[in-house]
Amino acid sequence: MTAVLEKKPVQVAPKEPRRWKGAALFAAVAVVALVVMPLVLEPFRLGLLAKYLCYAIVALGIGLAWGQGGMLTLGQGVFFGLGGYAMGMYLKLNDAGGDLPDFMVWSGVEQLPALWAPFRNPVLALAMVVLVPLVVAALLGTLVFRQRVRGAYFAILTQALAAAMVILLVGQQGLTGGTNGLTNFFDFFGNDISAESTQRGLYLTVAIVLGVLYLAAWQLVRSRFGRLLLAVRDGEDRVRFLGYNPATVKTITFTISAVMAGIAGALFVPVVGIISPALLGVVPSLELVVAVAVGGRFALAGAVLGAVVMGYAKTYFSEELPDAWLYLQGALFILVMTLAPKGIVGVAGALRDRFRKEAAA
Amino acid sequence: MEGFLNQLPIGLSIGAVLLLIALGLTFTFGQMGVINMAHGEFIMAGAYTAFLLQDWAGRSAVLVALPVAFVVAGLMGLLLERSVVRFFYGRPLDTLLLTWGVSLVLQQLARDLFGAPNVQVLSPEWLQGAVGPLPYNRLFIMVLAVGSVVAIWAYMNRSAQGRRMQAVMQNRQLAATSGINTGRVDQRTFFIGSGLAGIAGVGLTLIGPVGPTLGTYYIVDAFLVVVAGGLGQLRGAVIAAVALGLLNSYAEFWTNASLAKVIVFAVIIAFLQFRPQGLFVLRSRALT
Amino acid sequence: MRNLTWRAGAVAAVLVTALAACGGDPATTEGTTSGGGGNTIKVGLLHSLSGTMAISEVTVRDAELLAIEEINKAGGVLGKQLEPVVEDGASDWPTFAEKADKLISQDKVATVFGGWTSASRKAMLPVFEKRKALLWYPVQYEGLESSPYIFYTGATTNQQIIPGLDYLKEQGKTKLFLVGSDYVFPRTANKIIKAYAAANGMEILGEEYTPLGHTEYGTLTNKVVQAKPDAVFNTLNGDSNVAFFKQLKGAGVTAESMPVLSVSVAEEEVTGIGVDNIVGHPVAWNYYQTTDTPANTKFVEAFKAKYGANKVTSDPMEAGYNAVYLWAEAVKKAGSTDVEAVKKAAGGIALERPEGLVTIDGETQHMYKTARIGIIQPDGLIKEVWNSGEPIKPDPYLKTYPWAGGLAS
Amino acid sequence: MSALLEVRDLSVVFDGFRAIDGVDFTVREGELRFLIGPNGAGKTTLIDIITGLTRPTTGTVSFDGQSLAGKREHERVRLGIGRTFQTSVVFEELTVLENLDLAASFRRPLLSLLARRNGVSETVQRALETTGLTELAARKAGVLSHGQRQWLEIGMLIAQGPRLLLLDEPVAGMSGDERSRTGELLTSIAKDHTVIVIEHDMEFLRRYASQVTVLHEGKVLMEGSVEEVRADPRVQEVYLGRAREEAAHDVVS
């Protein structure tokens, strides 16, 4: 017996009045991000915002994998790094012309390593930004999820992966620039990378990419696949008895989130001007998860919001009260986890429901 | 050849360090599903206890500090359990993030209390020297690890409290319905698990730095031991720690320290392909 | 329901505080005193105040603040007081770049004193070059760099590594084992050491690197002991030194049997390592707390008066302290804080500093510095046992050393 | 009719304990088979083995002439073996409709799942009607009562369109009224499906069962009609006495 695909116009679910509101909100945020912010913020602050939005792209992926799929990935920095290094390698080679990149010279490397060769080609390099995280995540996901490594085990494994990745990158100085990472870029596809116009263009690119990825993720969540993902999160073993292989569902989702992180990393490099192992270790990876939790892990908007809010808070406090930042970050985190596990979005939703109830009474 | 042979006791002693830092975790993780990222900071608390006790105990502070650190770290653990963690049972991933917040606060607290630089903890004179390639202070850590394991084993299998702990670990609901106060057992487990971190901290003052970031150096390794050994499994933790210690020792001997770490990680991933739940698994019919 | 309100309130309160605080900042810093105008001159101090590097960098900031205070007390620069703007690099290289940009473009500081690790300097370098702003970098480093917008007040390799090797050679230590943290400085330093050894008939028995923050030195100790070198050349960084020396001592290695020459262990690290574990081992720097100059007596006194009698002074702190004075001197000479004018004026400036005479080499923007080898004493201080006799001309690319031909290509 | 499910010489050992000990068991196409036995007899374990949750130590299970060895849970579902669980597991965050839709969609290619659900498929509609959950379709499954959850599970099972249905104590914990509704549901399903049901309740058995297999201590004690089983002294000894107490206990709790 095959499923009957014929669609009947039975309206079982009530109409969703919030749908157009959501669209309106999205449009409003888009206008603010694309029009208002570039006008209001000075270049330096706009650059910072671009950086937060890069993090927001990673957070979006974490929201998908963790919030929707229950996979707490503590190693998103790895994929962020893979994307970032792919971009960084291209920029380095581009700046060097036909020569070796500067760090290779002082690391005593005499010939361009084979690993670097494909990154001479900008198209290939951009493809790598997506492909490398995709392949690594798909491979890791297949290995790990097939064997039903999950929950805390998965979290710890991804954390160890981040730690191992840092060690590997740092240890291969001639190949990766070591602890220093890749920095000191000049040209970005024909533009002076530090020029204001380039940076503004980059900001707009980041904002648009985030918007597009957000819509894509939203579509995914709303789709049957999204429902299936929730089902896997809440009862992986039960899903098997519905005839699905949860490992496939998880691998696909994990891979999507990894690709998002990779894209974010690639955008981050020209925006901030550096990619280094310090950006993809255990702590930055965890900080992003924290941001997602603070924003609200069960809603995609929460993940994005959390990344921007936490990014801003970090900049602000490190400028004004550097000593208090760790306390505040820790305390905020304990508070959110204990009192508002659904984050800012959850609190906002609860308050809204409450006002409505009061208004109705 | 001599170098090669020397690596054997060195590997065992690395295993002892791993065991010591992971022992407490395997219980809080195994029994309560709490991934305590602040475990590293409890280790740090143990190390600072030894530092503070030097003032009146002098160079033998390490010995005096063992019981004190056990209690200090244990009480910190108990406080953590009572104040927040107990609301999170059954949500391991949430406890991970929660306790990470706690660990940040504790690190900063240590920085404010003791200053950012490392502090000096001198090892006792009677720990100077070595048998072959194995320094006394490493031997001391091995003794500490073995002692902790034996004590825990005896507690779990020879005392009524320990048996209750095992009962809760195997089937919480059943234990609760058969009249065990699981809350009390949880508190005790957390106290002991954290206390063991304190003891580890004292031991580590002999071979490593004592500063606010001490905990962060050990926490990832500790979790890897727990994962490889299986949750709440004393046998598993011992075997995993020793195996990883030896692996690390020989991998570093033949390659270098950076590569050794990567190799250890790769081996663990490969190992989990065969044993996704670690070496030893508690059976249960529950469906998730 | 009440419960919900309470929870929501608590979380909202924290968030709102955070957000409200953030909302206020972007515009406020704008339009106030820029580097040159007004009654004060803003200078930026950019070091890690949090994270793993805070241990070292906070003390450098303290020394720089002390210099600023002293200069202000003496009437300031060009009749204006210096106003420090302190930022936290948070031990994170991109943060250094971000904060450097903030100091330059937002706070409009006249110059920045900052950095410690090579990685932080490399991350800041493009910012300073593109914004044409000045950075004073106060730590010994691996050389092979000469940015027109950076002044290097710490030693380059020919003022620390090479003198260290000269000393070992003099002592008859010809078989060396190299141990370092896995990053740029140790790798470059070891390349130089190997070239030096090849040219001077010394033998390198082994070269090992460990990840930053590594604390397990059992295996490495075994490798060192098995190789039986005359001496170890140690470029480990930070906490790793603590673990390394403790475990080396445990294995029975003493300063007599196998001296370990360190280039990243200064007075402040000695306590953390434990005097016991490192006493008698040599270190190579350009300055010690015990260096006998009138300027140093004054510096140590002032530092202890300001920060506490139990505080020690060290080479990077002194280099940071110098940096402020050297910049101030250049500004006075130029009669302006304008970056290009200051750069032009800086060449040839010579001051008697705590470490002795320091002269700015206009060409490389490095300093002439006297190399000093010291031995760690039981009281935790370092006693000088050897020095280069006169300030060594900085040679970041080792052009004047024929054996180093292939290194800087 | 041919055998749809054939279990041959099956054993499974947990840490030295033989939970299933040499079981032979055949179910023909279209049959409604009840599986009874005291606690620990191996009923659920048997179902777990058939559905792939537990791996047998020895013996074979074949479905429609095909060996199931090495097949994973979801692969068995794809062959047409569906099951419910003793304690029902439905997806509380999803609506009743979404639960059913998910169950009905597993044969679609994965890529087509990326589209949104558009309307309600006939399969799902039928499952809603069969289980009487139409009214609740838009509700989250989390708000359902115990009985409603069990029905939803059965509905999901129907929506899967399996050839063999394995129900693990579908009426446990239900009220009398709910039981009879479930019974009717079962009989209607059994009309065009092959069904195996684990159940203790003799009252329930007498009303709906055709063929009964009694398990005891991992072995098949006997097989036959309800009357034959009830008449057998061995069954009375090992099972019925205890089952009455348990059934009574079930109703109370």
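First chain written, first letter: the chains are A, B, C and D, and each begins at residue 1.
Just so we're on the same page, a residue touches a chain if its C-beta (ideal position, glycine included) is under 8 Å from a C-beta of that chain, and two chains touch if they have at least 3 such contacts.
Because the structure is a prediction, the values reported are computed rather than measured.
Asker: Between what two chains do the most C-beta pairs come into contact?
Answerer: Chains joined by the most C-beta contact pairs: A-C.
Asker: Name the chain whose C-alpha centroid is farthest from the C-alpha centroid of subunit D.
Answerer: Centre of mass proxy via C-alpha means gives C as farthest from subunit D.
Asker: Identify the chain whose mean C-alpha position lies nearest to the mean of all protein C-alpha atoms shown.
Answerer: Centre-most chain by C-alpha means: A.
Asker: Could you please state the distance in Å, as a whole number, between where the Cα atoms of subunit C are centred and where those of subunit D are centred?
Answerer: Chain centres of subunit C and subunit D, defined by C-alpha means, are spaced 72 Å apart.
Asker: Hey, how far is the Cα centre of subunit B from the one of subunit D, in Å?
Answerer: 45
Asker: Using the average of all C-alpha atoms in each chain as its centre, how far is it in Å between subunit A and subunit C?
Answerer: The mean C-alpha positions of subunit A and subunit C differ by 35 Å.
Asker: In subunit A, which residues are in touch with two or more of the other chains?
Answerer: Within subunit A, residues 167, 170-171, 235, 237-238, 323, 326, 331-332 contact more than one other chain.
Asker: If you look at subunit D, which of its residues touch at least two other chains?
Answerer: 85, 89
Asker: Residue numbers in subunit B touching 2 or more other chains?
Answerer: In subunit B, the residues touching two or more other chains are 256, 258, 261, 287.
Asker: Hey, which residues of subunit A end up touching subunit D in the complex?
Answerer: Touching subunit D: residues 1-10, 12-14, 219-220, 222-225, 227-228, 230-231, 234-235, 237-246, 248, 252 of subunit A.
Asker: Note which residues of subunit A are touching subunit C in the complex, please.
Answerer: Interface residues on subunit A, with respect to subunit C: 41-45, 47-48, 51, 105-108, 166-167, 170-171, 173, 178-181, 183-185, 194, 272-274, 276, 278-279, 309, 312-313, 315-320, 322-323, 325-326, 328, 331-332, 335-336, 339-340, 344, 347, 350-351, 354.
Asker: Over in the complex, which subunit B residues touch subunit A? Could you list them?
Answerer: Touch residues, subunit B against subunit A: 29, 33, 35, 84, 87-88, 92-94, 96-98, 100-105, 107-108, 112, 220, 223-224, 226-227, 256, 258-259, 261-262, 265-266, 268-269, 272-273, 276-277, 287-288.
Asker: Quick one: in the complex, what on subunit C touches subunit B?
Answerer: Residues 52, 54-55, 58, 182, 208-211, 213-220, 222-223, 225-226, 239, 242-243, 246-247, 249-252, 268-269, 271-276.
Asker: In the complex, go through subunit A and note every residue touching subunit B.
Answerer: These residues of subunit A touch subunit B: 66, 72, 74, 143-144, 147-149, 151-153, 155-157, 159-161, 163-164, 167-168, 170-171, 235-238, 282, 286, 289-290, 293, 323, 326-327, 329-334, 337-338, 341.
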